[in-house]
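Residue numbering begins at 1 within each chain, and the chains themselves are lettered A, B, C and D in the order written.
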């Protein structure tokens, strides 16, 4: 099921006080959706407000991007929180993001979990369940962005939650459609041309392209790009341009 | 303007992880409204959830109780945040509280600022303005609980915000109706009988009773009691009983 | 190898700002050594200073008590830090404690790891190694307090570190001399008389007494008691009195 | 009193987890002394360790650089801590830095306060006194780096503390030898040539050069340069080269 429209998303608003990560103004000219950190693994109320305002001005949709409460580890460590604790951590951050977005004249369109928490939602059904319960406790109609073929995606759809399925522009896929572990060689695509061309193929085919080149039919609503260093910003721009040139329009999900 | 009904409120949900402050279960049998800390000066997502659930079970209304981001100082230090920063700090915490309350099956009825931030709203109109803007940015219909005769109260009413006017059961009042500074002798009433009798007189008279015994007609919607030590819990219970015996019914504000 | 002298230690200085845990003044009249939290899982520079000063006045020795950087979890969660990170976390906290102790007119006599970090040193040799490297990096002559029969104890002795071997007054022991898991029934001794009598038997015998009553000859330098609630303070006092009545003198380790 | 030797210092080790500030490897090739953040306003045990190791390898001296506990504000906010609290905050951080430096095979040569805390030591004698007491409590022989003509400098010398007097390469001076407020135009010198030439004149003359070009004889032990952005690194390199070309040798203080 190919598509004429696709969403392009990136993790933004991850700066903290005097500490800057990423080139958010540049990325907000590239993506159609911004996943905004909520102050636990990155971000702070000032950064959140500034990011929401700039996104609104540029017509970019915003999602709440909750993570583990681990500023030191930037949310990349698997922290020892129980599923019940994760429910509350997610609800808290989603609410904070909804409030600051509203204050900034914007609104949260979806929730995407960050870093180690996001990775757990792919492979651990109890964490996927916890995230869904945390979000539903705040607003059952709020969509969730999930890694394609993850537990979060299937469990969310089972429950009638609106799920946006996400693939990654710069990550290799195994033959069963999962992300190749970063510990393996070739896990990350570094060539912008290759990455962009593969994204166009995947969106056109409505399929994940594995390392071997096989195509696994998969629902694809959004493509994740990165913006934390100059190279990744260039890749993201390249992906956007390639999609546009292929006649695929960038559009936020609703 | 005397009243047959009055609200009784206390700061609750101020524990943090293994650190417990106050006897929340006891206080939730006494008050009609609980001001619940939002994780910046006290409280955490687990404590917030537990407090909201218990309040709901006991039929106690809940308010968001934002403070300065100062766990070490328990929100009692005047932190150097600009009015614009205070707007965002308040919006963030109010949203987090709304979300966790919703998750817990309850809902936030009002916002009351904590500690040093609350004190600033009494005497500093720029802080009062910032708090109102932070709350309005989240939900313009959300009521604000304000110290009687404070800048927050007058500014809020001017703007059409629903303001609940609050007096303190255990604090002495100056001749112009403000709180006697804690640095002065007699600022805090320690005798439970005296405090309870004075509260009944004030509610009946619709007036603040000053140190000299003068009565200043003042709108009184709610009475603040404390619950952070066994003595204060006893005073709170005494105040509740005295009001009930005087035919004044405790009722949360709406 | 029975002893005429024994050390009695407890975790103290675990309060944080307005949050109080334990009755430190009472405990400092009972123990001969205080393990003082260093600000990562509990404690803060004010609490550390006050605890060191009071300990000095009462003639109680003090140890640095580093834990995981997890105030919310009070150091009881196994946090995902690598051995190399643990080395630095330990060094940092030990140095902070040495400095504040010096400022307070006291001096750090030993290091004892807290909570989840302490438990890992019993069973995980890589963590035991990391703790030893962290301490040695600061001061190779600084003694380490270790759970009797732990990896930390054996590894420390192998390396020529002064190790103080510790048993617990209120914990049951397996037949091979390890702590019975708290998940099992009977893991914690709640009867003060039983606990005190068992401590006297163990110190006299120079042996750990297992659940079955077997005695495993074990070096015992110090006994850990708790002070975080009124019951545990009573148990601690009971243990102290029983030891004294048995002719065993309490004395800090040197 | 001109000099053939001078120290060049910069604030380094201010990164935190995934958040990087400054180009520390480049700066450690320029300066002779590095003021290393201690984890309260910036830095963490990993960053401290890495910075101390790299400084040792490059032969750069290191100082403890304590600041207010305000990671969000990067230590630039004047936080409401009492002088007594500042004593403990300073002692804690100095000890942590000493320990991690030792662990990394280096040693702390001096203490320099950061940001808002540093600015207070210039103009507020009670804060200068608190900093001196905090340092002396840890090690009375530890030198203090102080802004030339500050209260910290004069009070430290009065007490027999070794004080290193510091001027700033890129800051304008008032006619009485104090830093021009950043709120005034011309407070910061942006031209690298001008800054470097002025530094050489000041070191040769043993005098501060004011905005009007007047020379105020002043003890100058060290020159502060910055490294938090590419421009400031270029200025720092320029200052170093100009000094070297003028026959003034860079040398850490002892």
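In this text, contacts are C-beta pairs under 8 Å (C-beta built on N, C-alpha and C of every residue); 3 or more make two chains touch, one makes a residue touch a chain.
Because the structure is predicted, anything quoted here is derived from the model rather than measured.
Looking at subunit A and subunit B, the chains in contact with each of them are C, D. Set against one another, B-D and A-D show the most C-beta pairs in contact at A-D. Between the Cα centres of subunit A and subunit D there is a gap of 42 Å.
Once the centre of each chain is set as its mean CA position, subunit B and subunit D turn out to be 45 Å apart.
Multi-chain contact residues of subunit D (touching two or more other chains): 72-73. Across the interface of their complex, subunit D is touched by residues 16-21, 42, 44, 71-74, 76 of subunit A.
Every residue of subunit B that touches subunit D in the complex is listed here, in rising order: 69, 72-73, 77-80. Those residues of subunit D that touch subunit C in the complex are listed here as 39, 45-46, 48-49, 85, 87-89, 91-100, 102-104, 134, 137-139.
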